[in-house]
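The structure appears below as C-alpha cells.
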Amino acid sequence: MTTARPDRLRSPTVPRPDEIRAPSLPAAPGRRPRDAGTGFGTLGLIALMTLAAMALPLVVTDSYLLHSCIVVLFFAYMATAWNFVCGYVGQLSIGHAMFAGIGGYATVLLFTGLGLSPWLGMPVGGLLAALLSVVVGYPTFRLRGPYFALTTIAFAEMIRIWVENTDTVLGIPLNGAAGLTVPLRGESLAALQFNGKAPYYWVIVGLLAGALTATWWLEHSKLGFYLKAIRGDRDAAESLGISPARYQLVALAISAFMTGIGGGFYAQFFRYVNAERLIGVDLSIDMALMSIIGGQGTVFGPLLGAVLLAPLAEITRGHLGGSLLGLHIVVYGIILMLAVLYLPKGLIAPLRSLLARLGLLGRGGRR
Amino acid sequence: MTTSFSRRVALRGALALSAAAFATTAQVQAQSQTEISVGWVLPLSGGSAAIGQQARTGVQIAVDQINAAGGIKALNGAKLKLVFADSQSKPDIGVSETERLIQRENVAVMSGAFNSAVTFPATEVAERYKTPWIVMGAVKDEITERNFKYVFRINNKATYDAREQLDAIDLLKKETGQGPKTLAMFYEGSDWGRSHAANVRKLAKERGYTLVLDEAAPPNQVDFSAQLLKIRAAKPDALIAAFYTPDHLLLSRQMLEQQLNLPYGVHSVGGGTEDPSFYKAISPKAVAYYFVQEDRQVDALQGERLPEFADVEAKFKAQLGYDMSAYGAQGFAVMYVIKDALERARSAERQVLRDAVAATDITAGPALYAGYQRIKFDEQGQNTFAHGAISQNLNGQRRTVWPAESRSPDTKPAWPVPAFGARS
Amino acid sequence: MDPLILSFALVNGLLIGGIYGGVALGLSLIFGVMRVVNFAHGSLLMLALYAAFWLQALAGIDPYASVVVTVPLLFAVGFLIQSVVIAPLIRRESALVVEPLSALLLTAGVYLVIDNLALMAFGPDVRSASTSLALAPLMLGPIPVNMQRLIAFSAAILAAVLLSLWLRSTRLGRAIRATAQNRDAAVLSGIDVPMIYAVTFGIGAALLGLFGSLLATFIPITPQVGLSFGIRSFIVVVLGGIGSIPGSIVGGLVIGVFEALASQFVPATSAAILSLGLFILILLVRPSGLMGRA
C-alpha cells in the first residue's frame, strides 16, 4: 500500500477556477480583485437587514415564532462563526462545539461563582475559547484534509468526556454530566435574563450582524486575501512570505471567540448547559453542514444554510411528531450529498445565477 | 453593488420561504371545543428512542381507552388529543418543542420527557407559561426541588432509587443474618449513572459498606473485558450496576462468559434490566438471580386486576412485540392522572387544571398502574408515595423481594446467589 | 497490581485489538486506494450486524453460516455507494485539485442516511444474535477466554494476510495497487479506474460483512452501534498508518492493549480520553502511522 502522498501530485498545477484569481495577483495584496463599491454594498445590506430584522418583534408578538427565529438565527450565527475560518481556509473542523462549550460554561460559571454579568462573561468565555483554539490550532493546522477534521473531532471529544466526568476542578464546580443551570433572576438586563423573547432576539440579531460584518471585513482585509491565497496554493503562498500557520491561527482565534460568545448566548437563552449537547459532535456537524450547504467562503452562505436547514428540521419534527424516527436526519443527509455533488459552492451560487438570469441582478451580473 | 443586490434578493426570498413554512405550522392547530390537547415531549430518535417509543405506546393506549369510554365526563365527554414532540434527548430541542406545544398546539397540560437533561430546562418553560407538567421517567432530584408551582412528578426521585437498593440488601441481610460487606459500583458515565452512583456512594458510607470499586464507563462500549477483570481483582461481595440497554446487554453477557461470580449478586438499578427488549435479546442464564430496582412492581399483587390493565398489556405487546415496560406503564398512568384532574377541574384551563393536579389524591384505579398505592403530591410537586420495588430473577421471572410486604409467599430469595458453576 | 490480572488484561487487549484491526481493514484499504475517508464505515458494519441478526431471526441461519450472505451483500452495498454516490465526485474533480474533504462530506451524508434509515426500518430496540455452535470457553488458568472473540480475532489476522497476498499476487490486486500509486498512470496503462474504485470499495465493505457476521454473536446490535466502531477504526487506521494493511492490525493491537492495560489503572472514561490523546499525538508527531512509510 502507498503512504499518504500530496494530492497535488495528481494534477500538479491546476487550481480550482475560482481560486486562480487570488494567488495570481500576489504582488499586490493591498489591491483587491473586487472593487470597493461591492464591499460597501454588502456592508449596507448587512445594516439594512439588521435594521429590518430588529423591527420584527414590533410586528410579531407570537412568542413561539420569535423563539423559532432566535433558534434559526443562533444557528446562522454559529455557522457564520464556523465559516470565518473553515470557509476561507478550506479546512473542515468538526470540533467547533468545544469553543461553544467553553464559552457557555465560562459564562455560567462566572455568573454563579463571581457574580459577573453575562454581558462580560460572554466575551471572557469567547477569549478563553480563542485561547483554547490557539492551543489546539497551533499543532493541528499543519494537518490537511481529513487529518485536520479527525483531529478536531478528537480534541472536542476529549474535552466533552472530561467535562462529563469531572464534578469539580480546582474548586470550580463543573457538575459533570448533570450540566449547569443558570439561576433565575427574573427580568434583569444585567443578568441577561428576560421574561419575553424579544430582548434575546435583539441580542442574537446583533451578534449575527457582528459576525456578518466581521466576515465582510475578512473578505476585504489582508488576512482574508492571505487565507484565500493559502487555500489556493499553500506552497506558493508560503514562498511569497505568507506564513500559513500565523494567518490561519488568527482567523481561528477570531472564529473561536465568536463561537464562544455563541455558547454563552445558548446558556443564557436556554438557561442550561450540558457537555453532551454543547460540546457534542452533533452541534459541530450542524455548524459545518449549514455553512457548507449554504455556501462556505461567502458572507451570506452560512446564513442562507441556517435559514433553510434549521426550519426544515423544525418543520419535519413538528409535522411528523416523531412518527418516523430520524426521517429529518435522512433528509439532511440527502441534501448534504446532493449539495456536495452538484452545488459545491453551496446553495447561494445557483440562487445568484438564477436571479441574474431573471434580470434581477441588474448590471454586471456576470461578474 | 451588483452582487450584494443579488444576495439581498436571495435572502429575502429565503426568509419569505421559511416564514411561510412557519405560518403553515401555525394554521394546523384548529382547536376544537370538544378536544383537550395533551402535549408530550419524548426522545423519539437518538439513543433513548426505544424508551420514548414505549412511553408513547402506553400513553396512546390510555388515551384510546379514555376516549372510548366517553372522554372527560365533566366536560361533556370532551376527547383527549395527543401531541407528541421529539426531543432527540437534546435540552434545547426539548425546550423549543415545549414552546411549540404550549404556544402553538395550545395544550392544556404537558408531560415527559424521560431525560433529566431535557426535563429540567423544559419544565422551567412550562412554569413560565403557567402550564402544568407531569414529569414522566426523569429522576433528577432537583426537578421537584425548585419551588415550582406547575411541575409534578409521580415517579421516584434518584435518591429513592439508591435508598431502595440498599434497603433491599439490608432487609435480606436481616432476614438471613448474612450479606455483603464490600460493594463495587459500575455505571454508565452520563447524567443518570453518575448521579445514581453519587447517591449510592453517600448511602453506602452511612450504612457501613466499603466501596472497593467505583467505576464509570462511557456509553456504547463494545467490550467490558478490562472492567470485568478489575471487578474480579477487587473481589466485591456485590455489584451495583447502572446501564442502559445495549451496554447492560454487553455487561451481562460478558459476566456470564467470564463466569464472574459475586456472592451477593448483581444489583441493577433498572435502565437496561427494566427494558423488555433487553430480556428478548439476552439468554436467561445471563440474568439469573439479578436484583433489579423496578420502577413498578412487575409481579403486582395488590387488588383485583382492572380490565384496563389486561387491555393495555395485550395492546402493548401487539404493537411492540414484547411485554409492558416500566416506561409504558408510567406513560399510561400519567394519562389517567390527567384524566382524574380534568374531571375534578371541570375545565381545561391551565390554571384551574394546575390546582386540580396539585389536589390529586388517588388511591384506586388505572392511575396506579405504575405500582403505587397512592398518588398525592407534596408542595414541591413530588408524589411522596412513589416507590419502586426490588425484584430478583428466579427461574426466569422477576419476583419482588422488597418491600417484604409485597413479596409473595412462594418467593424465596436466593441469598447468597449460587455460583455459575453450581447453577442447574 | 496483580501480575496474573495484568497478563489477562494483555490477552483481552490483544483479542479485542485484533478485532478492531480487522474491522478497520476496509477503512484503510479504501483510503489507501482512493484517498476517501469513509465516514460511513461504522454504518456499514451496523448494516452487516443487522443482516446477520435478521438472517438468524427470520431464516434461522447461524451467524457463522450467514457469512455466505453478508459478505456478498455488503460487497454490493459498497460497490453501489462508490459507483452511485462517490464516482460523480471523482469524475468532476479529475481535472481539478482533488478535495478529499468533499469525499469526507459525501460519506458523512451516507452515514446520516444509513444510520437513520436503519432506525426507521429496524426500530430503536437492541437486538442480539447467538450461535448454536457449542463453543466451550478456552480456560487460561482460572479465567475463561471467549471462543467467539477468539474466532473473530483469528479471522482478522487471516483476512489481513489473505488480503495482502491477494493484492500482491493477482491481476486485479495488482491493478488496485497500481491505481493507488498513480491514478493517471493507471488510466494510461488501460486500467478501468472507475471499476477498480468500485471493486475496492466493495471489498472494503465486504470485509465488514465478514465481521458483521462474526461480531453479531457477541455484540449488542442497535442502529447506533456503528459509531463506536467507526471512531475506533479511525484511531486504529491512523495509528497503524493510513492505507497499510498490516498497519491496520498492528494499530488495532496497540490500541486494544493500550486500553486494556490503561483501564486497569484508571477508569474507562479516562482510558477513552487517553486513547483519543494518543490518536492526536500520532497524527501530530508521525502522521504516516506506525507502519506507514514516512
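Each chain gets a letter, A, B and C, in the order it is written, and its residues are counted from 1.
Criterion: a residue touches a chain if its C-beta (ideal position, glycine included) is under 8 Å from a C-beta of that chain, and two chains touch if they have at least 3 such contacts.
If you want to know which protein each chain is, UniProt gives these names: A = Branched-chain amino acid ABC transporter permease; B = Leucine-binding protein domain-containing protein.
The model shown is predicted, which means the values in this text are computed figures rather than measured ones.
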Check: What's the overlap between the neighbours of chain A and those of chain B?
Finding: C
Check: Computing the C-alpha centre of each chain, which chain sits at the greatest distance from chain A?
Finding: B
Check: Any idea whether B-C or A-C has more C-beta pairs in contact?
Finding: A-C
Item checked: Geometric centre distance via CA averages, chain C-chain B, whole Å -> 36
Checklist line | Interchain centroid distance [CA atoms averaged], chain A/chain C, Å | finding: 32
Item checked: Where chain C touches two or more other chains at once, by residue number -> 116, 119, 123-124, 267, 269, 272
Notebook entry, point to check: In chain A, what residues contact two or more other chains?
Noted result: 161, 164-165, 325-326, 329
Check: Counting only residues that touch at least 2 other chains, which ones in chain B make the list?
Finding: 45, 49, 52-53, 189, 216, 218
Item checked: chain B to chain C touching residues, read off their complex -> 45, 47, 49-50, 52-53, 189, 215-218, 220-223, 225-227, 229-230, 232-233, 245-247, 249-250, 253-254, 257-259, 275, 277-278, 280-283
Item checked: chain B residues touching chain A - in the complex, by the definition given at the top -> 1-11, 13-15, 17-18, 21-22, 25-26, 28, 42, 44-45, 49, 52-53, 56, 83-86, 90-93, 95-97, 99-100, 102-104, 116-117, 120-121, 124, 128, 140, 142, 189-191, 194-195, 216, 218
Item checked: chain C residues touching chain A - in the complex, by the definition given at the top -> 28-29, 32, 35, 37, 85, 88-89, 92, 94-102, 104-106, 108-113, 115-117, 119-120, 123-124, 167, 177, 180-181, 183-184, 231, 234, 238, 241-245, 267, 269-270, 272-273, 276-277, 279-280, 283-284, 287-288, 292-294
Next item on the list: State the interface residues of chain A toward chain C in the complex, per the touch definition above.
Entry: 1-4, 7-8, 10-11, 14-16, 90-92, 139-140, 142-143, 145-147, 149-151, 153-155, 157-158, 161-162, 164-165, 285, 292, 324-327, 329-330, 332-334, 336-337, 340-341, 344
Check: What does chain A use to touch chain B in their complex?
Finding: 37-38, 41-42, 44-45, 48-49, 62-65, 67-68, 71-72, 161, 164-165, 176-179, 181, 184, 195, 266, 270-272, 274, 276-277, 282, 299-300, 303-304, 307-308, 311, 314-315, 317-319, 321-323, 325-326, 329, 348, 351-352, 355-356, 360-365, 367
